[in-house]
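Multiple structures are listed underneath, in structure tokens.
Next come two complexes built around chain A: one with chain B, the other with chain C.
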Partner chain A sequence: MSMYLEMIRVRFLMMLAYRTNYYSGILIYSINIGAYYFLWSAIYGGKEEIQGLSVAQMTTYVAVAWMARAFYYNNIDREIAAEIKDGKVAIEMIRPYSYLGMKTMQALGEGIFRLLFFSVPGMIIVALTFPVSFDASLTTWMFFFVSLIFSFIVNTHINLLTGMMTFFLFNNTGLIRAKRVVIDLFSGLLLPISFYPDWAQGLMSYLPFQAISYVPSMIFTEGFVGQEIYNALLLQAFWVFILLIPIRLTWILAKKHLIVQGG
Partner chain B sequence: MFNISLFFQYASQYLKTRLTYRVDTAIEILSDLLFQAVNLIFILIVFRHTSFLGGWNRDEIIFIYGFFLVPYALFTSFFNIWDFNDRYIVKGEMDRVLTRPVHSLFQIIMERMELESLFGVITGLVIMGYASVNQGLTFAWYDVLIFMLMVIGGAFIYAGIFISIATIGFWSDSRTDIMPMMYNISNYGRYPVNIYNKVIQFVLTWILPFAFVGVYPASYFLNKEEWYGYAFFTPVMGILFFGVAILLWNVGVKKYRGAGN
Partner chain C sequence: MNVIEVQNLRKEFNSYSSRPGLAGAFRDLFTRNYKVHAAVDNISLTVKQGEMVGYIGENGAGKSTTIKMLTGILTPTSGSIIVNGMNPHKQREEFVRTIGVVFGQRSQLWWDIAVQESFRLLKKVYRVSDEDYNHHMGHVIETLEIGPLLNKPVRKLSLGQRMRCELAAALIHNPPLLFLDEPTIGLDVLVKLKIRKFLKEINEQYKTTILLTTHDLTDIEALCERVVLLDEGKIIYDGKLNQLQAHAVEGKQIEFEFLSEIPRTSLPGSDNIQWEQKDATTWLGYINGDEQMVSQLISDVVQRNPIKNVRINEVSTEEIVRKIYEEGLALT
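So, the complex of A and B:
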């Protein structure tokens, strides 16, 4: 256990050493939030609300979705792909810890770093520039954080699976890119799921992606109320456990299948 | 003549490397298509809930997006210069490029080309075709020539901006994150500029003229006469920005000291 805590700490310190990269990252996220702010203002035109969300809620939705992304987003799929390609994964496999566990802990270190040094200052900048309301009640904040942790785990699960596909595809950049695009669209980062036509909403309810961005953002903007919050959290928890199965199976299969291409 | 044959040799080498990992190449093209589809889906879904976006209707916005894809595809196929600083300056690869008897920028363009991005041209044409049929647009024969001029102008604007930023590497090899920032700003150009406030409109027109890659030239084909002045300015902006970029490059190369070992 202390070993894994140490991994989180080391990754956190590593990120801290390169923190200057993150100042521009905050600016990039602000630029994106700004673009969507103007776009949504134009989309609403004079309308009071669309699908139960007002313009103010929509702006908050966009801002929270991007700031939450800073926490759950990580590049471990890319890292795993690189370590498989250069053969480092063979060394990692004989070490006395779980390789996938280590990757998850590194991602968590990165996520905590981004949450503190990226989301928090970013939120302040965005709150000053755009009409965003962060005055949610204490219970809403609490539900939001629980949901954020689940969204981190679901996203990391999906990243582990994508990364492990390198064992079978050898060169994996295409799939990693495709996964990113699918997550941006189906997780509710770009559009709230409730905006989609019914058949698409039905389809997406069978996929794990809305557990990543739609649920925490809707909880924060109070688009979900009462029982809906618990249902959404249960859905996230469900995916957290279900995705463990394909991860286990892929890992077992991958160990038998391992071909080191170099190193 | 020599440069042209060199170009085809590089292109054939490139295809060989891509065909080594066929499945991956196929997935990469698919993921490009997916990426283009996502933006289209965004527009389609948004227009389920509204009928106008800053005075433009659904098919016009789709047309603008389709148009944008064509110069953008040319840009991403031939001007992959976003990691110039890391790849060429910090690692010292620029030394190798400079010892060869071909213009350094031309070599880098060839080394870094990604021909599979050209699929974006087809996607763009299909999307534009769909939007034109929907609103019954008609085109004259000379519109084809104007289209090509506008597309080249747009690609040159993109190339000009990104090459200019890459030349910063000649003066300072410290890491900057201006490149990814530019990619994000460039997304603003896909939508009508009149939805933004005055400051952003000015920036998108004269400082980082991404509006000339989407909405301005497309408005010519959509018969939006109030924007014609801007539309016909597209090739001029392209030549201007590309010219400045080459000038900066040529000055910058002389300043290059070499950072690798």
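So, the complex of A and C:
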């Protein structure tokens, strides 16, 4: 266990090694939130609410969705792809730990770093600039954090899968990019799922993506109430477990497939 | 006790060749020409505890593939491997705790963080106690002279500095078996000497078994008593280094330096001697025979001509290996 904690610490150090990335990240997230805030105020115009969400809820939704993204988003898919391509996976195989477990811990280290040094200061800036309400009750905060952890796991699962596809495709930059767009779109980050046409909503309910962003944001903005919260959390938990199956299978296949390239 | 036991080990790779031209490229879309190529071809090998074995061969002879199978990275196509009493592939996590590996061409340290942070992480990974770490690594750090480098990020180290750190990193858990895949590639003489001295030391102190691949045969001369010579996936020689020297190249080279210019005609001629002029006053004689013939030749030459210097040259391992690869080896 202590080696996994150590890995999180190492990841913190790595994030700190590149300070410019860190500062520009805060700026980019604030600009994004601002842009979506103005976009949504224009769309709402004089309307009280759309699809059951008020303007205030919508603003909060956008802010929370982006700040949650800072936590669940990570680049381990690209890292895994790079490590497979230049043969570094081979070196990971001579270490007495599980490669995927270690990658997940690195992602968690990155997530916690961004949550503390990225989301929190970012949220303070946003709360001062835009009319965002953070007066959710203690239970809502609690549900939100549980949901956030699930969304991290689901997103990391998907990243592991995308990264491992490099074993079979050798070059999957395109796939990784496509995956990022799909997640931003289908997870409810850009547009709440309830805004999509019914057929699209039906389709998306069979996909794991809404467990990433839509659920925590809806819980925080109290778009979900009562039983709905539990159902949403159960759905997330369901995906957390279901996605383990393809990950295990891909990993077993990948290990068989392992040809160390070069050298 | 045998640390490494390998029986009839074989590793095949499927490689495909592209057909020429545009039409060929389209055909390749549907079917490809696959060729099975054995990178390692039925080798058997045992290594005892405390041995330092040099594993040499040309590029593509299968050295790295063997090492990758011995460390559990690649699965063999057929054959059995027992290393440290375990099957490297089946018992991976348990097995890798008992080995240390350095790949000269790949870094295993974390690029962006200070060396000591990498060490700290590895210490946790291998569950090394503070006491063992301080005792053992204190010595390693001192011998390799990497103390001042510990707080620098790996990307800022020079190649020689990095390689010494890599070696230290591979030894954090003080493994009884060490695999070194081209550990001195691209290093200057001083760093090489430092690394060799260090390897000798840990071999004596801890009875660490070391398997070393390299293209620099002076490494092998300095460290290994035993060499395994690999060619196209097969072992063509396995034995003492000095026997390889004695057997592989018959005869000796004698360098005569004369006081004045000497024509070929004033040198003794025979079927067993070949002459080669190095410069105006120096001739090289290649003798195909034993010590007695050497003495005979020297006395013949010295009697006839005024001489400045005579030197009997040992044939270097490099020369031997070059000869083996060019002419093939006829060892009994």
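We adopt the following convention: the second predicted complex is superposed on the first by the 259 of 263 C-alpha atoms of A that agree within 3 Å, B and C clash if a C-alpha of one lies under 4 Å from a C-alpha of the other, contacts with A are read in each partner's own complex, and residues count from 1 in each chain.
In this text, contacts are C-beta pairs under 8 Å (C-beta built on N, C-alpha and C of every residue); 3 or more make two chains touch, one makes a residue touch a chain.
Predicted model, so just to flag it, every value in this text is computed and none were measured.
Asks: Which holds for A:Phe195: it touches chain B only (first), chain C only (second), both, or neither?
Replies: The first partner, chain B, only.
Asks: What's your read, chain B or chain C touching more residues of chain A?
Replies: After superposition, B is the partner touching more of chain A.
Asks: Touching A:Met14, do we find chain B (first), chain C (second), both, or neither?
Replies: second
Asks: Which holds for A:Ile124: it touches chain B only (first), chain C only (second), both, or neither?
Replies: neither
Asks: Would you check which partner chain A:Ile252 touches, where first means chain B only, second means chain C only, and both and neither mean what they say?
Replies: Once the two structures are laid over each other on A, A:Ile252 reaches no partner at all.
Asks: Classify the contacts of A:Pro96 with the two partner chains as first (chain B alone), second (chain C alone), both, or neither.
Replies: Touch partner of A:Pro96: chain C, not chain B.
Asks: Quick check for you: in the superposed arrangement, does A:Lys88 touch first (chain B), second (chain C), both or neither?
Replies: A:Lys88: touches chain C, not chain B.
Asks: Check whether A:Met3 is in contact with chain B, with chain C, with both or with neither, and answer first, second, both or neither.
Replies: Only chain C; A:Met3 stays clear of chain B.
Asks: Between chain B (first) and chain C (second), which, if any, makes contact with A:Leu207: first, second, both or neither?
Replies: neither
Asks: Can you list the residues on chain A that touch chain B in the complex?
Replies: Residues of chain A touching chain B: 20-21, 24-25, 27-28, 31-32, 34-35, 38-39, 41-45, 47, 50-51, 169-175, 177-178, 181-182, 184-185, 190-191, 195-197.
Asks: Once bound in the complex, which stretches of chain C touch chain A?
Replies: 13, 64, 68, 71-75, 92-94, 96-97, 99, 101, 103, 105-106, 108, 110, 112-114, 117-118, 120-121, 124-127, 153, 181
Asks: State the interface residues of chain B toward chain A in the complex, per the touch definition above.
Replies: 21, 23-31, 34-35, 38, 41-42, 45-46, 48-50, 52-54, 175-178, 180-181, 184-185, 187-188, 191, 195-197, 200
Asks: In the complex, go through chain A and note every residue touching chain C.
Replies: Chain A reaches chain C through residues 2-3, 6-7, 10, 13-14, 17-18, 87-88, 90-91, 93-97, 256, 258-260, 263.
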